[in-house]
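Naming follows writing order (A, B and C), and every chain is counted from residue 1.
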Amino acid sequence: MVETQPILEFSQVALSFGETEVLKQIDLALEPGKFYTLLGPSGSGKSTILKLISGQLHADSGQIFFEGQVINDVPAEKRRVNTVFQNYSLFPNMNVFDNVAFGPRLKKLPAGEIETKVKEMLALVKLAGYENREISELSGGQQQRVAIARALANDPEVLLLDEPLSALDYKLRKDLQQELRRIQKRLDITFVFVTHDQEEALAMSDWIFVMNDGLIQQNGTPEDIYDEPINHFVADFIGETNIVPGIMKEDYLVHFVGKDFENVDAGMRPNERVEVVLRPEDLDLTDPENGKLVVTIKDQSFRGDYYEITAMDDDLNTWQVQATNPAEVGARVGLTFDPEDIHIMRYNESEEAFDARLESYDEEEAEAALQAARDDETGREEQGQ
Amino acid sequence: MTMSFKKQKKGFTSFYMGIYGLWLLAFVIAPLLLLLFKSLQTQGGHFTLANYQTFFTSGPYLAMTFNSIWYAFLITLITLVFAYPTAYFLTTLKNKQFWLLMVILPTWINLLLKTYAFIGLLGQGGLVNSSLTGLGFHPVQLLFTDWSFLLVAAYVELPFMILPIFNALNEIDPLLTAASQDLGANNWQTLRKVIWPLSMPGVKAGIQAVFIPSLSLFMITRLIGGNRVITLGTAIEEHFLVTQNWAFGSTIGVILIVAMVITMLLTQDKQKGGRS
Amino acid sequence: MKKMRTPYLIFMFLVLSLPILYLVFYSFNAGTTMQGFAGFSFKHYSELWQDTRLIDIVLETGIVALLSSLLATIIGTLGALAIFRVHRRTIKGVLLSLNNVLLVSPDVIIGAAFLILFTTLKLSLGFMTVLLSHIAFSIPIVVLMVLPRLKEMNPDLVLAAQDLGARPTQVLGQVTIPVITPGIVAGFFMALTYSLDDFAVTFFVTGNGFSTLAVEIYSRARQGVSLEINALSTLIFLLSLAIALAYYFINKVGKRAKTPELKEKVK
């Protein structure tokens, strides 16, 4: 997974506050120059990881490496990482210039150099000319930009961002997301971004760590995590989803809501109990006779670019569907989906086992099996006519 | 219905204001005006500016005023030097409110009892002198010296310096300390560049709370200072209760009030950028 | 700096508690001075028990403190309500400044000014003048304790109560007062502390017949040390210790019970 020398590495890191285990055996490795996101609900331990990296907290056990060196006992002020805090934490007794110049001044850089640095950083966050403003005169978005400039003025190897956008409104958040991505690409340093907003994580990251209960549940590219969630938690946390229990009868054949469906997953025990994931945007409405499932529309709401439809099948399972056209509440409709849209999750599968299983079967084999099944079906239909 | 609610509420408000206003008139405005009038009168009750003239042309009174301000300054400085680290360390503790209470609590007895305790502590055979003789030194005269006055006054005023500084430090967002360290500042640099400037409102409040009363600690000058240190407060007490020259006592009182107002103005918080 | 913390705080704690511990220690002295311990004895406590004048003074001091803080709390709360309802900023500012005059004035000034006031009004100096003075100088602190609670109060509460048909008296009794009660209680305790701690004002405005503890100690201390005072200090200290700790823990339990959600959020 990681080919170059990691800039930051956690090995078996654990931390407890009294009785509560905040982090349980965390292993992770970050490559230089990438945008990482720690995604999870509050209390999942994601901010704790950030504080361990910055030195605000110290691990009970395990080792933290920075460029191959153990840094567990290095005090915060000596670490080459900087943090953008959630509520900005700008010094209210200093103006914008003095806030950004705080780090460079501590390094005793010459005055001219400090000024150049501050101006450069303010230009980078699009706040050129704001040097003499007081912090209290700035809007939330501007304060966050100053906080980013202040952290970057120290030339960190790794920039830590602790839910930096959560206090901003939707529009501003979108703008700053793009801008953070731009700044990261331009400076080519490692960003570690903490958020509980899965949309934000999917939009910005090169690599996501999904956290819950002090454990990394899954890590991977945004696409991997969205398309192939490892368990119920990840599937549910990353966007709207339909999860129903099922049985994997054999490779490429799953049984749920009383019917058998072809799919593209394999490597499980015959007749293993599994969970079946179908994303709302993969479901299409059709006539009841053409539907793989038949459901009754219960509710629908307009979401701007699509309709969010809630429907119920005869077994009283609820289905979320995203449709481009409106439906009629109370109508009976069919739902269709492709075999590729079905994602199977085993109970209690570890990340390693999950990855190994995905590698174990050939996708082409799956495609071929699928094709065979399709031909078979068409054959039967033809016979019927 | 709403009209009558408003009317009734207005009636209540006027009633509250009436009672409170009566207190303001009788016990704030009237006494201060009376003090001012008294200072502008001869002993017989005629209008005069002579009292002020006497005060500002008399060497001893000016020296006493200067002395009083000088001692109040020293007391303020001593309490600040001891109170700031105390307050700072207390805010870094886990159960800070509890430990604050533990540190302040022993001083929660009447001012006179504290002063009285020092008569014992500093006396000829008191704890300090017996410790000195125990270490092989000669006993020294501690009671009725300038130093004993400073010591006891500083002791008495210390909690009034600790509390406002503690409160100001307690209000500082702990994340600002984290931010400062994150940017490369060590503890000392964080204290100097972030915490100290942000605790200034508390320091100023503490200076106000200590400096002004220190101008007028007459009981300590009497009991501990042995009348060697005469402050403005001692002079007022002397004129009112001993020599019965109320007019001149009032004059000194008015001058003390002026000194107080100047102190307040000097330590007032400039409202900078809307944040307090 | 962390290394200095504990030793420094212990040092300050010892320095600050030394005088009272010294008083307590010598209250058990069989001798008669605070210099040289001549053996353990309760005799100063029994002397104190028989000193009816001193016991009377302690009781009178307590009565003045309780009465004055009670009345100051009532008037101060009304004052806070009045100031809160003034909408013109300038008037509000003037009222607040006037309120604070007695808080920042040196005791001697307050004492002298009140003395002139009482003699001008031809009041005879004694219990009444002391009580009036204590009420007067305790009112501003009550105002300052109650006012922030009023400001924090959600104004919609009053509107909601009014909307539901509550009369002004009911709004006051069932909405406003319960919300500001912590401020009122804090104000009462501050007033009590002010009254018990006062020496200078009482010294100025009291007459021959009436004395508070502080004034009595002052006149006794000028004549020399009496270990009866030590015995009394010990008892007073224990009492204030008990009250302070009780107040602290009641406050703490109350806060914990009220703000669990808030703490969750802070986590």
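Here is the rule we use: a residue touches a chain if its C-beta (ideal position, glycine included) is under 8 Å from a C-beta of that chain, and two chains touch if they have at least 3 such contacts.
Each chain and its UniProt protein: A = ABC-type quaternary amine transporter; B, C = Spermidine/putrescine ABC transporter permease.
Owing to the predicted nature of the structure, the values given are computational and were not obtained by experimental measurement.
By the document's definition of touch, common neighbours of subunit A and subunit C comprise B.
Ranked by how far their CA centres sit from the centre of subunit C, the chains are topped by A.
Across B-C and A-B, the chain pair carrying more C-beta contacts is B-C. Mean C-alpha positions place subunit A and subunit B at a centre distance of 58 Å. Chain centres here are Cα averages; for subunit B and subunit C they lie 17 Å apart. Taken together, the subunit A residues at the contact with subunit B in this complex read 54-56, 75-78, 81-83, 85, 87, 89-93, 102-103, 106-107, 134-137, 150-151, 154. Those residues of subunit C that touch subunit B in the complex are listed here as 1-2, 4-5, 8-9, 12-13, 15-23, 26, 33-36, 75, 78-79, 81-83, 85-86, 95, 98-99, 101-102, 104-117, 120, 132, 136, 139, 162, 167-168, 172, 193, 196-197, 199-200, 203-204, 213-214, 217-218, 221-222, 225, 229, 233, 236-237, 240-241, 244-245, 248, 252. Partner subunit C is touched in their complex by these residues of subunit B: 2, 5, 8-9, 12-13, 15-17, 19-21, 23-24, 26-32, 34-35, 38, 82, 85-86, 89-90, 92-93, 97-99, 101-121, 123-127, 130, 155, 158-159, 187-188, 191, 208, 212-213, 215-216, 218-219, 222-223, 233, 236-237, 240-241, 246, 249-250, 253, 256-257, 260, 264. Those residues of subunit B lying in contact with subunit A across their complex are 173, 175-176, 178-186, 189, 193-194, 197-198, 272-275.
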